[in-house]
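Shared chain: subunit A. Partners: subunit B in the first complex, subunit C in the second.
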Partner chain A sequence: MATLLERLEANGISRRSFLTYCASLTTMLALPASLTPQIANALSKVDKPSIIWREFQDCAGNTESFLRSRNPGVADLILDLLSVDYHETIMAAAGRQAEAASDAAAKKGGYILVVEGSVPLKDDGVYCTIAGKTAKQHLEELSKGAAAIVNVGTCSSYGGIPAANPNPTGAVGVPSLVSNVPIVNLPGCPANADNITATFVHYLTFGSLPARDQLGRPLFAYGERIHDSCERRAHFDAGQFALAFGDEGHRKGWCLYKLGCKGPNTFNNCPAIRWNGGTSWPVGAGHGCVGCSEPEFWDAMGPLYQHLPNVSGFGVEATADQFGVALVGATALAFAAHGVAKYAQHRITAEPAAQPVAAGQPTEED
Partner chain B sequence: MTILVWERPVRLIHWTIFIAVIVLAVTGFYIGNPILVSGGAPTDFLMGTYRAIHVAAAWVFGVAVVARLIWAFIGNRYSRWDQFVPVSRARRADIKTSFKYYLFMQRETPPGPGHNPLAGLTYLVLYAMFAVQIWTGLALASLADPGSFLWSVSGWTFSLVPIPTIRFVHHLILWLTLGFIVHHVYSATLIDVEERSGVLSSIVTGWKRIRPGQAGQAE
Partner chain C sequence: MARVVVDPITRIEGHLRIEAQVDAGKITNAWSSGTMWRGIETILHGRDPREAWYFAQRICGVCTTVHALTSVRAVEDALGIIPPLNAILIRNLITLSQFVQDHAVHFYHLHALDWVDIVSALDADPVATSKLAQSISDYPRSSPKLFSAVKDRLTSFVKAGRLGPFANGYWGHPAYKLPAEANLMAVSHYLDALDFQRDYIRIHSILGGKNPHLQTYLVGGMSVPIDPNSQAAINAGTLAELRVILQKGLDFVTQAYVPDLIAIASFYTDWTAIGGGLGNYLSFGEFPTAATNLSKTDAGLFLPRGLVLGKDLSKVLPVDPLKVAEYISHSWYSYTVGNDKPLPPFEGETTPSYTGPKPPYDQLDVASKYSWLKSPRYDDRAVEVGPLARMLVAYAAGHPRVKELVGYVLGQLKVGPEVLFSTLGRTAARGIESQLLAEQSLKVLDQLEANIAGGDLRVHDGAKWDPGTWPARAQGFGLHEAPRGSLSHWVTIQNTKIEAYQIVVPSTWNAGPRDAKGQRGAYESALLNTPVADPEKPLEILRTVHSFDPCMACAAHILDPRGNELVEVTIA
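After this line comes the complex of A and B, so read on.
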């Protein structure tokens, strides 16, 4: 089998551009630049680890994202380093043949299980059935022999949009079903292709998953909030806000906080690595962050164009401030009425005779 | 006859908390919904300033609340913890008396020169709200630096509850606190008018006039 370098050359990609790519990955992984040669070395020698990529309740958006990696020439070959033994969207096989490929890879063990999409649990999981087995059964079987699980996208990480209220299928993320395999979550709707690639590269180079936070996200990608690395942050601190799409502030590139930007609620590296080969990213393009990579996206992040969630119940929906004003106003009115009533009580009733208060008095203490 | 009900630290803490809450409310409302928008002067630092004041006032508030909790164990009988947590059967019985007064079933004001047991209970609820407010505030402040000590203490909150929900709770408690102030001022005024005991001025001077029947309860 040809080594990576030989294949790179056969594809007209110089060693130099390969090293450049490795250097950018080193930076992404927040590793010291001195490790670049080690990464390049490890990658050029790596022996094809098997990948089983399973799609459950998903939209294939992460697959789409992944297929558009930043540096197609080299990245494609990196992906070529992985033996993708099962992937519904891109595999040639179908039907029994496809399942046989998955079974064969599973039997060998030691593979990376990539999961895209949430797992429905309601009604015995019938809402996502592939080759006669429910998503839950597939996950149980495949997680047994997996060396690691990589959850791509918010759905497999936390349940995502299928799990949004009223969650008709009882959807959950993978971490709530599997616990005995190392798991890395790459939430996002979709997950950024560069973060997916970097996670694989880390695994290929060091043989382990990258360091993760309390929610299982790699720190190199989710170690900081959007808000804290946003290019509009100076406008936030200055109090310069766009008030409507297309207004003067918006045209000047001011902060989108008042248009409901969820950057202050979202850990991700979009401002740093951007999207589609570093072209742009949502806030850069003039739309607030929607918080797609946080737990309980979609429910917790709504309404999209408001900073705070609404208060709802009894068929009424109000903003938190409308609710607050009503609450304080009602309290004031109620006490005003109470005062008037107390006054009336004193006017109407006679001076108190012996009151039961006396009984309560010595009880003041002890 | 007048007695010293609220000792100096209690009064000092009361007014510290009051001022801190007002500052926190004004700056907090701005942070939640910045109504003042800079015209674009390069030196403007509106949100930054409001947030800095908010954080500073929050520390003052937090220290005052903790000081009051400590004082609940070393202060006089009217500031002690058992004025708020109705552990004695007698105080629990007096909750009913107080309710009766407020529900027009009784003319006589609730017993005691200190907090009546019902009022004590509302302060317990208020302090529970304060605890949630301080906690959510610390957690939200820690978001800016997940490597910090603050984050290692409070960051786990966000594994349980999403960040926007925590913001929402923090915002609602601000409104509830303002609602409490309305109730607090009204009730104090009402009791002062009824008892002529000087409840209102007592939080400045510390002294209250007590009824002859209450004399036995003085120090």
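After this line comes the complex of A and C, so read on.
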């Protein structure tokens, strides 16, 4: 079996380009550059790990995101680096033969179980069946022999949209049901292809999952707030806010906080790596962050177009663990106060979604 | 006689189960079952209608644009908002590129393996493959060296015994007819299309911030600003980049997709007599060319609205969206009006009521309820929706470019228009539509550029953004032709909140179960008389079902936020 490097060389891609590519992955994973040779070594020798990718209450959005992989490319990933032994959306086999492929891979053990979509528990789980078995039955069988579980997207990580109020099907994320297997959560709606890819590469290189925060998210991708690496941050600090879609501030790329951006409460690396090969990202395109990588964001991060009322003023260095998991409903109102104060300085009189402002709270930069 | 069960149907979006009765090598009866349900519309109850698009969008990550667009159209109809022309054109560009990308992915990654035998490609001669490829198109990636590398890659796969996603396919099945060289060419283009779909969809990132799940939809317009003098808005550079990517899309469709379609289809003309199905075709029409409300008028649509009944292409009947209604006679729901009456969407109900077998199960009780999908009907008729329906309605309505393209493809295959009513017709219609819409996307970009050049920078009409300007009660619906067919969202707003929200989805039209009168849905009907050479390897079932491009997350949506009975929360 040709290794990835051999195959790339056969296609005219030099070892030098391969190393450049490995170096970019090293950066992506927030690892020291000295580890680049180790990544290159691992990827050029890799014995394809078996992947069983299961979709439950999903929309295939994370599958689609995965299919947008660029580094490594999607074809290299699904054909050469990984042995994708079960994935309903792309596999050739169907019906009995599809389940047989899953059974065969499961029997060997040591596979990575990727889960997309939530698991319904209400009414014995009849809201999602595949081959006559419920999602919960599949998960119970497949989690036993898994070396690790990768939850792609917010639904399998935390329940996601099916679990939004009133959670009609009793949907939960995988970590509510499985213990004793290392789990990494890649929340996002969907997760960014580059983060999915980097997680696999980390596993291939080091044989383990990357370090995670209390919410199970890898620090290399979810270690910083959107707000702290946002390209529009300078406008926030200068009190320059877009106040209506299409207004002058919106056209000039000013801060979207007043239009409901949830970047201050959201941990993800969208501003740094952007989407679709670095093309753009939601805030870059002109719409506020919706907080899709936070648990229960569908209920906790609303309303969509009102700015956050209660954001504590922590510094750039804070991580989600320091911040704590109770994002909304945090005590200090300083963030809102800061926004309003700057807003007034710029002689703008209308406050579309005025929030109560607590006096005497320290502002973020104080 | 044998009962053939295919669950899961793979290479689709979502969870679909087909049960079929096979007698003497042919399907004599079939049942289509959606096996997953989430309740997203229930979740919309009581929320701000301006947010509905971003919840509804999550119905599907494959059709990632369609529910967002239809949702904002429904709310705009309810509130009497017509977005600025720029927003309409940006929405068109996003939708057109969704069609091209989605159709190409369907052809190469979801459907091709029903016709292309990967293992047979190992026997191909790369030089002969190159000759074949160059004889059908000027697609540049066609050298013997390239095909040789693809063959080596496949060989190493097979030798290592780790076929990954290609394991357990029906390779060697007698229904595979392509010569080895055509198989190798198709496998090579399968790999190319993986890169194409990823690179082309950057259009969505430019105009929507990301793909999947674009984030710039807005009731009243779009949230992506236009300003030729800003680097944070659509400017001349952005427009130029869009043009380059759209042109690459057109090139790929012209040089790879359509020639491959014709080449493969020429070996399978027997499939023009299989899979015909209902013979009734519905299209809501799509692509407004001016700032209009599509719920009130179909004037100026690029693709026409209309209905073709009984395969009669001599006339196109008008469409009244208020004639849509849904049955639950064979669906796991109950209605307060009884099991056998259809309800129109504005009066719709959804109370889940599972009566199927206890999992794990081997067979559904098809005499009773057997699906999480409802059965939508138009004027009490079962109809097919999707690319074939759109192309037939446009063809019958005399759309000049559609007539040309249909004529070209049929001419290459040396067949007449009657073959369109088939499994292969559905697959061909999708390719024809891709060519048509990839061409149209560049014209829409021209129109957007001209409008901006005329000084119009508006992307949002905010006059009714403030809920204080809304009436106490408002009702509206949005219509859309999604890649998989006719989609409609129906919203009732009471005191600025969503009181009821209903969605009638393309794959529900096509994949839904029987209605109270026993009328089959489009899949169930199309499967009748489909040959099945080996009930253990029902490749032929996949061909016909895949020709519809099923999207089950869309189809098994759930309705009726008005149902208080759903509101209790149970977590084990």
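By our rule, the second predicted complex is superposed on the first by the 298 of 366 C-alpha atoms of A that agree within 3 Å, B and C clash if a C-alpha of one lies under 4 Å from a C-alpha of the other, contacts with A are read in each partner's own complex, and residues count from 1 in each chain.
The definition used in the following text is that contacts are C-beta pairs under 8 Å (C-beta built on N, C-alpha and C of every residue); 3 or more make two chains touch, one makes a residue touch a chain.
This is a predicted model, so every value here is computed, not measured.
Once the two complexes are overlaid on the shared chain, A:Ser65 sits against subunit C while remaining clear of subunit B. When the two structures are aligned on the shared chain, A:Gly284 is found in touch with subunit C, with no touch to subunit B. In the superposition on chain A, A:Lys252 contacts both subunit B and subunit C. When the two complexes are overlaid on their common chain A, residue A:Ala238 makes contact with subunit B while staying clear of subunit C. In the superposition on chain A, A:Asp228 makes contact with subunit B only, not with subunit C.
Measured by the number of subunit A residues touched, the leading partner among subunit B and subunit C is C. Where the contact sets of subunit A with subunit B and with subunit C meet, they give residues 252.
Residues of subunit B that touch subunit A in their complex: 32-34, 36-38, 40, 44-48, 77, 82, 88, 90-91, 93-94, 97, 102, 104, 106-112, 114, 143-144, 146, 155-156, 158-159, 162-165, 167-168, 171-172, 174-176, 178-179, 182-183, 186-187, 190, 194, 213-214, 216-217. Subunit C contributes residues 5-15, 35-40, 42-43, 47-48, 50-51, 54-55, 58-62, 64, 105, 109-110, 113, 118, 149, 152-153, 156-157, 159-160, 162, 164-170, 191, 194-195, 197-199, 201-202, 204-213, 215-216, 218, 221, 223-227, 230-233, 332, 352, 354, 356-362, 372, 457-460, 462, 465, 537-538, 542, 553, 558, 566-572 to its touches with subunit A in the complex. Across the complex, subunit A meets subunit B through its residues 213-215, 223-225, 228, 236-241, 243, 249, 252, 257-258, 262, 264-267, 291, 294-296, 300-301, 307-309, 311, 320-321, 323-325, 327-328, 331-332, 335, 338-339, 341-342, 345-346, 349, 352, 355-358, 360-366. Residue ranges on subunit A touching subunit C, taken from their complex, read 1-2, 7, 10-11, 48, 55-65, 67-70, 73-75, 78-80, 82-85, 87-95, 97-101, 120-134, 137, 161-162, 164-172, 189-190, 244-246, 250-253, 270, 274-277, 279-287, 290, 298, 302-305.
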